[in-house]
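Before anything else, here's the structure in question.
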């Protein structure tokens, strides 16, 4: 069995935030399939999320989505989460489902629309304060479908102004992360389409503004680990939205489509200090379990991240450095691949057991009876779904 | 003004089927925006579609989508359409919105699911007979999201069997067209992902089975006009689903994203005899007007096809042949581009007027008062939307 | 250690042809870097290739490229190879380096050019007969750079005629494989751009014509294992050209860019009977070692194929079938991934030792002194390079 | 005929630098075809370039490539150019053809290699001073082919240091532009792969460092006009390398693959002030005429840029603004497309004639006898080729 002693500290530090919306139904524009046991309230979502942490020890925080997860009493919600063994994580704003924002939100040419969007974000900041959340995540659906439809330059300037207003509302220990996305739901231009735009925008704001990198939000063929490296180098990588994809923003389970890519990404996270003590890099899931079971889908996801992190930590850095210095292409690649091909699963099972966790979290969840319980209990009410 | 006399016959032959679902609301997985005047019944959809034909003379048929457009009396529907000046066109089956088909339809490993899907298609054939429709269009959402999820080979064999059963149900003057799509809603494998698969499947069936080419259903960079050429050469191009895209299956207005590509496609249609007398090639729109007005969006679309067809017909074939024989790269390209850069709009306006149609269909529709009328009348009821 | 007894027969059957041109220098349009010890003759290439087989037992045949590997006495060349412990494999034609073919070869509008190209292929068939080679591989650079440049339809028809002439020249035990490629060196249209075209062309010829699938010759995002499945299902997969890529036709070491993809491909090869007794599927490498050492690059390549084949053979088919029948998405994927994540390297080292091969072929080659020997001996003469 | 009076000043200001290497032979890794009349010296390249300016009035400067265009006496070269009616434009460095740089240049881990690369750039600066050139263009082939091969972070830091040294060597009126490229010749990671990296690097240097945007250097589907907008907004767009592509960095004639994209790009150039008086934005060609004639290929290229610039200038900004304010999607798009579909060719012919230029530059060049003259004269010597 692989010896983990040298990497145990970093492994212990690994924490992956899970999104409240992963437990509700999701789908494509063609169909959202309903499933048994789907939560109907924020509390039920948090309960589901807590199962992920209970079986893996890897998911201590739950991200909220506003307005989907609005409640009257956020202090009570925070206590509910604490009782379930988790914290409230990142607060996600949402300007893509109100009719107001059909043609843009923070970028809209109409000051009244921008005003509403800014206010929504300031409300999110209040919720952060009330729940103890530290991060405001902004992902914008803003963009256009047809060439000429709007003035891209004007919108970029409007975005800068809007973000500055929101930034001014952050407390000292709060951050804003700005997510970029190649395309969808806009099909001609997207206002924050790439890391360069997100970087330029947050660099203009200050230290509390960072970039959020969603692993599914890039053009085909993009070397994502390069961007990870660059943003860590520039001190501007705030967080990850993990998922995987074969085509567009497929939102599949992280590591499912290209496990080697996840390994390379985690290698750069390690290289750039993202798992060092004191790092403020936040790791999150952002996925859609359209056809698979949701809670097991989340468990599988955090395990995939853990497995690839362990492999990334196992790279023989000394041998690698020597091969690189010698320009030994095949030698360096072999050292790198050796870590990737190492089967860390038995070792991680032992790591779990040594911490009082089940050796096999998927099996433990299946055996726990939780799914049967919620299937039976959650009758009536309105099922949560992506966008509801 | 360009002289159209040499191409008038082919221009007059141009007919583009419009889809009933284009007049309802559509959107992305993030949001479907509701609009005023949206139809609530099949009849209202047909009335809207008739406006496109009335202003352009280009859209004499309306495609149906079953079960979205199910009615009790198809003979009455046929008469309703005729009274509105249009015919019933292609009947589109739908196996992507029932829970039964979550894991596949014509390709499913369970014979009972395949049975239901085959029966659905045979019902569509009955509707074709009742409405006078000649084409059954099959687009399958079938596929999987995760490697290993199902046996792709078994599904391909199942598909062949299912299609053979449906094919056997066609009357002598009815056809089946099998559409392919690169991805979505399945994100790992799609059972009919490319023209090769569609071709291999329909070639195994017989002369009444053809391929449907949706211009938005290809991998990035695919040379679509090459596929048009190849399928016409093989005698297997049954129909087009026109739309345009910058990224994935964006379903934008045809010609909006890359007008030069539409020109090249129409050039190969002309080259392959697709506009010759007796050609059974069917041209259809399949688009989603997520943010733009729907009826004007359809008018713009058929005009775009007409404009690019006129340009394609205007290519100086003699000069082109001479340059090609001489391997004169720049010369051949210049002849080709000369047709593309010719502004045919004034000439087509004159063509319209000579046929009793408005010179400017967009303006004529705006001035007609139709939109105001339906905005006022269509209150209450259930708005049609993509998937409803 | 993983128990290989159940899969040993199939593993023993694994054979990967290596290309003679992999041992010469290769590069990009920007630069071809010269390296020490580069072969200057066909014989030296074969000697180098023999090292791959000697250390791995996986590479019993060497593919030739004509005219690069033309010799006066092919019978002598065959004996030379046999003495080195390898056979002559596929003969590759070349119509991309003579000025004659600047605007096309088998597809050219000029019958004289087509004639020359056909004759070249018939010469290749003679070389096959003389060397004992069974396969003629045709990859065409034919295509155009500018829209309108040539008539794609005419060229496709010309291709069909040319291929029929070549096909007629094959002996009963000889085959022709037609390779397709998405693009390069032509940048607008390529005459055989996709598997559908290659399939349609070879299907028109007869049983001795098959498709060659080069793993680097697809559009971004293409599901290659689906094509493998389909062509095996249609009885038309003749051979593989293995390599890997991140972007275009990068020609990197197979398995280097996306090892999981190679695993999925080998899974479909196994599923489709490609490793069954009597299968005539041929596995070949086609790579460019631009910056890495060549012989070790080839050794690494065949090992990668072997490792992924072993993993593919280890998939628990019974468990997989059960999960698939139950539509258990995560369960089926877990069975699949379990095989991929299994570290087969120690087991394969043991397999090698049990057959009198070195446990570590890379180390064995490095220790053999062969490289030092050829570096010293191969002075003067004209280094072989890709295209020389 | 379109009235150009409102846009004449901007049209007159349009100037496109042509590259000296466009007149030599170029090709792919598969083949470089030789052509008649190919220049053998820098002077012959400049003479050829002067023909482009002579027939179009659009190409007053010629870019050099060092070391390809090294001469003993740069003052003499400058005079030679002046006599031919052109200036010396951008000086392009080259670190991709010396063996030293096989594993990197400005990014190499070895300080000695970096030293050599920095010195090369400082030599380029000297040549700039001697020739009157104002811009140093840096495009780096630096990158790796295999994951793990080198430390991307270390290389990025090394790049920053190297660039700072070069920057320090610039005179007050000299600039450095840093070009980015998605991939090629490196196939795993490229050290300056995207505009974000180029921007972050030049932003760290100062006002004299800018980004160079090559239109062929992006991932599939990238919205290039967005990047143009963003870089102009950030004050960091230094220059364009114009060309076009269907797939990768195909280096086709600008506007040939997607004329509408070129229109959109020029629209953002106009929007961002790139053609305003005093703008320091530089427009250049960077293409490879692999199969077409070289001088006519360059003439066609500058004409394409001029035609699309004219169309971009013709957009009815008032109507566009009104439609945008009203969120009239189809209306805004129609205004935009109206400019694109306007056939400006006759008007531009008149513009040329009014300035003493030939109405049809392609025909004028063909009739000039220049090509026949150089075909006859340029015998013997070493033909210039891309990379020679």
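Order as written gives the chain letters A, B, C and D; numbering starts at 1 within each chain.
Here is the rule we use: a residue touches a chain if its C-beta (ideal position, glycine included) is under 8 Å from a C-beta of that chain, and two chains touch if they have at least 3 such contacts.
Note that the structure is a prediction, hence the values are computed from the model and not measured.
Listed by label, the chains that touch chain C and also chain D are A, B. Looking at A-D and A-B side by side, the one with more C-beta contacts is A-D.
Here the CA centre of chain A is 39 Å from the CA centre of chain D. The geometric centre of chain A is 38 Å away from that of chain B, both derived from CA atoms.
The set of chain A residues touching two or more other chains comprises 102-103, 144-147, 182-183, 188, 220-221, 223, 246-247, 256, 260, 291-292, 329-330, 333, 337.
Touching chain B in their complex are the following residues of chain D: 220-221, 223, 246-247, 256, 258-261, 291-293, 296-297, 300, 307, 329-330, 333-334, 337, 340-343, 345, 362. Residues 26-31, 33-34, 96-97, 99, 102-103, 141, 144-147, 182-185, 187-188, 220, 245-248, 250, 252-253, 256-257, 290-292, 386-387 of chain B are the ones that touch chain A when the two sit in their complex. The part of chain C that touches chain B in the complex is made up of residues 102-103, 109, 144-153, 156-157, 182-183, 188-190, 193-197, 199-200, 218-223, 225-227, 229-230, 232-234, 260, 264, 268, 271-272, 315, 320-321, 324-325, 327, 329-330, 332-333, 335-337.
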